[in-house]
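Shared chain: chain A. Partners: chain B in the first complex, chain C in the second.
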Partner chain A sequence: MWFERLQNIDRRVIYTILLIVLITPMIKPIGIPLSVNSTTRQVYNLIENLDPEKDIVMMGMDYSVAGQADVHPQAVAVAKHLANRNIRNIMVSFVADGPMLAEKIIGILGDRVTYGQNIVNVGYLAGGESAIKKFIEAPGTTFINDHRGKPLANMPVMAGIKDINDITLILDFQTGSPGYQDFLRQLPAGGPLYAAGIVTVSVPNVMPYLNSGQLAGLLQGLRGGAEYEVLIEEPGEGAARMDAQSLGHVVIVAFIIVGNLAYFGSKRKGKTHGGGDKV
Partner chain B sequence: MKRSVPLLIVFVIGTFLLASYFFNFTLPGTNITLKQGASTINNWGVIVTAFAVGLASINLLRIHGAKIINQRSGWVNSAILILTMFTFIIVGIYSRSNPDNESAAKLFSNLFNYAYSPFSATMYSMIAFYVASASYRAFRMRSLEATLLLSAAVLVMLGNAPIAEQVWAQFPVIGKWLLTVINTTGQRGIAIGVAIGGFATSLRILLGFDRGHLGQGD
Partner chain C sequence: MNISTNPWVWFMGIGMLSLYSFIYKENPIYRLFEHIYVGASVGYAIVTAYGNIVDQAWTPLTTKGELNLIVPIILGLMLYTRFFKPIAWLSRWPMSFLMGLGVGISTYGMLNSQLIAQSRAAMMPIIAKSGDGAFLLGKSINNIIMVLGVLGVLFYFFFSVEHKGPVKKMAGFGRLVMMITFGVAFGNVVMGRIALLLGAISDIFGTWLGII
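Showing the complex of A and B:
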């Protein structure tokens, strides 16, 4: 009977336990040490090896607000790294939420960047993969004005961009579609390097593209953002939330174990009482 | 006629775009190359998609408007949705039309950051609680396959949690091996299968055998 009660525990108890476990480290941080994944270090090294005089980066702001808890810390950390190294950064969006999230990041960067000089938010282009194809064919002329309505033609950040090969690296932050597959289908062979920042649930799907070298680097969910903050030595939202995520994972594993113990316990009890062979 | 013309358009445009990936010659009687023509058609696609966003808004208005007018169950929610939609549309259009008006830009930014963003993130975050409940109630080792699946899931989760690494340093190693070796093998097979299936479906649509995109009827 005890096992049956354990199996059928009120779900509100489960929700409460999870809530307490997630909130407690946010109020009182633990500071669990964090090691850095090799795929995160690959992205870091890509940016460290860029030449501020001639290299240009395109940041794809293709994540929605729903997934920003996972991906936004990555985008902020990478944008900070690009700003610290004074690399030209063109922020493009192929999802509707993207431009506003880009503006949020530009606000966070503050005095590190000069809008129009080394960073610009060109805005949103509807069309999914068609829009990506259009941008890749003509990155310098697809957008006439930026997201703020200012003409792009006179901005130093856009100077010298004639085709996609003038962009050195594409860093795309995404939560779904359009995503890495759309970019990889449209990018020309020998063109710019492509790296992605994705939500944790998409990591298994992306692995074949990383192993084949089509992806030059990968930031994996909230942990990827936290690792990048460690690498640039500027802890932020990612690092702050890792304690909660870490404990949340452990609690879910504990739930799985306890649930299965209760299941096998009640199964064994049922055999003992019903079978009559064992007492 | 009603279905023949759309099917013909799909076939001509689709074949044109497909051919542009393999050939590049000048179209007879013009000085436009196949790739330039394909690029122009692609631009039309971008414009059509932009109009589709507007069409979706009109459709929302039609459905929820009818619900409000007929006072069907949940009409209050529909009224809030329509009001919110028009608030964002009006503020957004005014803000984009007057780029020098900082107050309008600030208002739209505040609506996005302090209303839309938290609500949207909250809805997505509730999934965590459903996963916790499912992990306790439904993830059972009822068979060998279920046991293998559950074991792999637990090991990958522990591999991703920094606290588990402090308990045993091999958790991340095992998790990474599962992702990069076992998972990648399976995902490659799935990706190839999806690509072949997608090619077959595309061919069926191009040739008119698959007419689901035309709506109901023959």
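Showing the complex of A and C:
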């Protein structure tokens, strides 16, 4: 009886328990310690080793509004790091939502950056992989105006960009396609380093590319953003959500264990009473 | 508690709650905001696409005299001929062009980055040594698992030989590796979905209601 009831808990009960467990630590944080993954540290070290005098970074704003909860904290933390180090940052979007999210980040950076001087939002280019190919072939002339309609040719941030090799590092924040596979297919051998910030769901698919050395670093979902905030010593929305994330996992694990115990319990009970599995 | 006075934030909050109300059951408010969401997304996409056509095609054509852009503009317009039955067949030309272009652009890169580079990465020494020749136990174990895992999965999908004896054992190991991989993928899906829910909670209880 109990085993059957445990296997058929109403989904609304599960949602309510999960919601309570997630909201509570967000209102009153517990402070569960957060270790930093080596893949996040790789991205941090890449930026730390850049030379503000000559190095240029392209931030690929290729994530959608629907996935921003997972990726946006990463992009904000990396943009802060670039701004703190006064590295030139060119924000390019191959997803339609990208320019809007880039503007949001520029707003957060505030006085740390001077628009046109060390940061620019060049806007969106339609076409997925074809657009990426076009940008890689001519990064300096693919866009005529930026997202705000100002001509890019006169902006100091774009000075000296003729070839893709003039860009030192591409950091692509993505929720799907176009993403890492499109970039890896199109980037020339010996071209700029490529690192990615991805949604948690994609992590198992991306790991082989990191292990093969095709990716120079990887930020893994919300956790990657929180870790990066810890590294730059500016805790933000990523770090604030990690307590809730951890407790949420505990609840899911508990439900999986309860579900399995109930399943095996009812199976055993069925055997004792001479009955078979329910169909 | 610091409730937002911005009407757009209120609109966002009510919209989120309405969409989440689907968890309880489908209702008219949910459907209303679903339609608003779809409409707003399409509107945004149209405006962005229009801006792209102006920036990437019309402006260079009219101000810089880049006449070669006439070809993609005509091909683009031909896509819309599908709405006119007598000349609908014309839309197949740009569609074929797009398909050919897509395949052509990605094929070389796919071979290079997804086949050759990945195969090369899978060919690793099973006895790993550091730069000064010292034996690395942990790395060696990792490499052995990796190589056996790759071989096992390849054996599992190798259907030209009957799966019995050592082949069956390797295929079984491959199956085990895949089951572990699916478990890892499921774990990441759970983690990702909770992260998305946390974003919504943060917007509702932080940006809108000012509790967090």
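The definition used in the following text is that the second predicted complex is superposed on the first by the 274 of 279 C-alpha atoms of A that agree within 3 Å, B and C clash if a C-alpha of one lies under 4 Å from a C-alpha of the other, contacts with A are read in each partner's own complex, and residues count from 1 in each chain.
Convention: a contact is a pair of C-beta atoms (placed from the backbone, for glycine too) under 8 Å apart; a residue touches a chain by one contact, two chains touch by 3 or more.
Note that the structure is predicted; figures quoted are calculated from it, not measured.
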Contacts of A:213 with chain B and chain C, given as first, second, both or neither: second
Which of chain B and chain C A:125 touches, first, second, both or neither: both
Touching partner for A:203 - first (chain B), second (chain C), both, neither: both
Which superposed partner A:69 touches (first chain B, second chain C, both, neither): both
Chain B versus chain C as contact partner of A:263, first or second or both or neither: first
Partner chain(s) touched by A:35 [first = chain B, second = chain C, both, neither]: first
Touched partner set for A:245, first chain B, second chain C, both or neither: both
Chain B versus chain C as contact partner of A:133, first or second or both or neither: both
First (chain B), second (chain C), both or neither touched by A:26: second
Overlapping contact positions on chain A, where the chain C interface meets the chain B interface: 11, 15, 18-19, 22, 66-69, 96, 125-126, 130, 133, 200, 203-204, 208, 211, 223, 245, 248-249, 252
Touching residues (chain side chain A, partner chain C) in the complex: 11-12, 15, 18-19, 22-23, 26-27, 66-70, 72, 96-97, 99, 123-126, 129-130, 133, 143-145, 181-182, 184-186, 199-204, 208-209, 211-214, 221-223, 237, 240-241, 244-245, 248-249, 252
Contact footprint of chain A on chain B as seen in their complex: 39, 42-43, 45-46, 49-50, 52-53, 96, 99, 105, 109, 112-113, 116-117, 120-121, 123-125, 128-129, 131-133, 135-137, 139-141, 150, 153-154, 157-158, 160-166, 172, 179-180, 183-184, 187-188, 191
Chain A residues touching chain B - in the complex, by the definition given at the top: 7, 9, 11, 14-15, 18-19, 22, 32-35, 64-69, 96, 100, 103-104, 125-128, 130-131, 133-134, 137, 148-150, 200, 203-205, 207-208, 211, 220, 223, 242, 245-253, 255-256, 258-260, 263-264
Chain C - residues contacting chain A, complex: 23-24, 44-45, 48-49, 51-52, 55-56, 59-60, 101-102, 105-106, 108-110, 112-114, 117-118, 120-121, 181, 184-185, 188-192, 194-202, 205-206, 211-212
